[in-house]
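The next block holds one structure in the form of structure tokens; read it before the comments.
Chain IDs A, B and C follow the sequence of writing; residue 1 opens each chain.
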Amino acid sequence: MPRQVLESEIQNLKNQILRLGDMVRQAMLDAIEALKHRATNRARQIIAADQAINALRFDIEKAALVVIATQQPLAHDLRFLASVLDIAGELERMGDYAKGIAKINILMGDKPLLKPLIDLPRMANITADMLQAALQAFVNDDAETAAAIPRRDDEVDGLYNQIYRELITFMIQDPKTIDQANYLLWAAHNVERMADRVTNICERTIFTASGEIVELDTDENGNAR
Amino acid sequence: MAPESIYAHVNLRRNYRRRKILNTVMLSLTGVTVALAVLPLVWITVYVLLKGGRYLNLALFIHLPAPMGTPGGGVLHAIEGSLVMVLLASLLAIPVALLAAFYLLARPNTAVAQAVRFSTDMLAGIPSIVVGLFGYAVIVVTQKHYSAFAGGVVLAIIMLPVVLRSAEEMLKLVPPEMREGALALGAPEWRAALRVVLPAAMEGIVTGVMLGIARAVGETAPLLFTALGNDHYEIGQIVRQGLHYHQSMGQILGQIFGQPADALPLTLWKYAQQPYQERVQLAWAVAFVLMLFALGLNIAARAWLAYRRRKLYG
Amino acid sequence: MTQQPVALNRTDKPAAVASATKMVIRGVSVYYKTFRAIKNVDLPVYENRITAFIGPSGCGKSTLLRTLNRMNDLIPGARVEGKVLLDGEDIYAAGQDVVDIRRRVGMVFQRPNPFPMSVYDNVAFGLRLLGIRQKSILDEVVERSLRAAALWEHVCDNLNQSGMALSGGQQQRLCIARAIAVEPEVILMDEPTSALDPIATLTIEDLLQTLKENFTIVIVTHNMQQAARISDYTAFLSMDDDRAGYLVEFGPTVELFTNPKEKLTEDYITGRFG
């Protein structure tokens, strides 16, 4: 097959995207784990590590732009590169959410957790799986898998609603808990936002594979529109 | 282990020296051959100019030959005869050659085109004396007299293949887009040929025509059987006489072309073998004039082409 | 989910802004003696749009282009089957005047081919063919055409200079001026920039964008990027096993280059052909 330079650049970009995805996923899981154990030192490390995520995102962008400028990609190749630019941005934002969870951990200071974290780690695990699957589908140019992934967002939304109600109940029962409950709510919200961005990545995958722009997002009831 | 480099077996330094020497030898050799090629030309030119230049004078160009054995006189008859016959030959051969060349360009692969190409090649290869004999048989015998007309016709036959083949080659060199460009603007074929393709090929065509004229001017043998020679050929006199007797333009032209005529090379050939020293000297002078003619023609053509090129390409 | 259409200058132009069909190639096959060079091509040419023909060498792009003004007539043994409609009329129908067709459908060639005459005479060539002799009219049209071809400023102080003395890019613009002087409706361009340097190429490309306001342009280019840059519609032709060229895909350029329908097109434009 001709176009070896382009091919190898594309492969390289795929590897870099997977690497960035791993870093983001790990940052999120670590942030939740640190929150669970109220490990503020760990949280500081996560915040510092976000710089590496940002740096890799810009490296990927630069590499994609160089390929566009030098290889004149068209059709599928062009869509792939446009998606790489987009997905790198999404991942960076997801990294920021993970960093946000770590910041909440620090903001909570020496206050203990309101209750042991159970649903939030579950939410995080599902989101992490979704992210991994979504990036794998992108790399494999697999529109079918990509279209199925956002359905798991419903689970995430369900867990989020559950956490929300639980924390509201805490706040109503004892207004002194409002501060701590709010912190946890923010953390849960961050994870929920990350799952939404996975959906965007899946849309990009479908666009790359087929050239079709579809919206996979779900309404507030969790039903696909 | 990496294979041994080929340069373990190469002496680059020695190769370089050998190459240098060989290069010098070959370059000198080409220089010598160039000198050998140019030498005859220079030799002939200088020899003729020196030998003929000595006998050059105004009388040569304005007087008819003096009677045999007397000094003086000129070769006006031959100059005029050459001009008349070459002019006639050019008028006959050039339009035919150009039109035929256009035909070959437009229909390169038809049977007619093949035939034309083959026959012009054959024609170019026929000894000129045979062409002269043909002129004698077809024109002189039928008309029962020698004439400038017959001379012009055989010169035309000799010119034709030279001009035709060079014109064809030159027309072929014109990018087809030129012709297509004109046709794409809605030009008829003849107009595209005349206004666009011909001017584009003009340089080469002029060179070809020059070659043809030079060939015709220099021919002797075919004129022996056709124009014969005529020591008293003088157009001025023919015209004066014609006017005196109230002849029409056609009659005068008939006189000019109908008489036997002389030509420079013919005169040269005849005079050179006569036992009178004056005639031999005259022959040298004629050789000089012939060379001058060729040179002048060449210079004029080149000057015109240079002017044209400057106009066209800035 | 419905989306508001976004006006993005280029993306919606061919599709959203309707344009009349200027020419139609209908079931056209071209034969050279017994060899079929083009088989059964169907293609519209839209008015005031640039239509590009792309494809591998030997696929018959130029041959197809030359059917549009009957330049194929000039090749002995060439024969065209099918119809080529110009404003609904078949230009190959009996009784059509070839000269008139070529006046209406002008042509610019691969190599700039200024005639061996002055700039002025080059542009006036077609006008004189039409029988226009009046100096004032000739002057006016020559200037107008040279201006339209973005050449006027470069030559206005010496219209008597030879067309062949101009630079390659200027020569090609002279040829464009010569073509538009006779006010054609369609201009065919056969790889008009392939003999030019990149700067001259871009100048011509810019020129085409202004020319399409008044003319319908069909361009053959071996440079896909050029087709992508300048054309509104692109036709991708390829060669079949019997070496006959055929149409693989035709569509708005934007779609053809971002999301082609045919695998063969994708392979070709992404450089993975064969």
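Note that a residue touches a chain if its C-beta (ideal position, glycine included) is under 8 Å from a C-beta of that chain, and two chains touch if they have at least 3 such contacts.
Keep in mind the model is a prediction, meaning the values are calculated, not measured.
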If a chain touches subunit A and subunit B alike, it appears here = C
Could you tell me which chain's Cα centre is nearest to the average position of every protein Cα atom shown?
-> C
Most distant chain from subunit A, judged by the mean position of its C-alpha atoms = B
Could you grab the centroid distance between subunit A and subunit B? Build each centroid from C-alpha atoms only and quote it in angstrom.
-> 90
Hey, how far is the Cα centre of subunit B from the one of subunit C, in Å?
-> 46
Could you tell me the distance, in whole angstrom, between the mean C-alpha positions of subunit A and subunit C?
-> 50
Quick one: which bits of subunit C touch subunit A in the complex? Just the residue numbers, please.
-> 1, 224-225, 228, 257-260, 265-266, 269-273
Subunit C-touching residues of subunit B, taken from the complex the two chains share = 107, 109, 175, 177-178, 180-188, 191, 195-196, 199-200, 202, 311-314
Across the complex, what residues on subunit C touch subunit B?
-> 69, 71, 74, 76, 99-100, 102-103, 106-107, 109-111, 113, 115-117, 125-126, 129-130, 161-162, 164-165, 175, 178-179, 182
Within their complex, state which residues of subunit A touch subunit C.
-> 1-3, 6, 72-79, 211, 215, 225
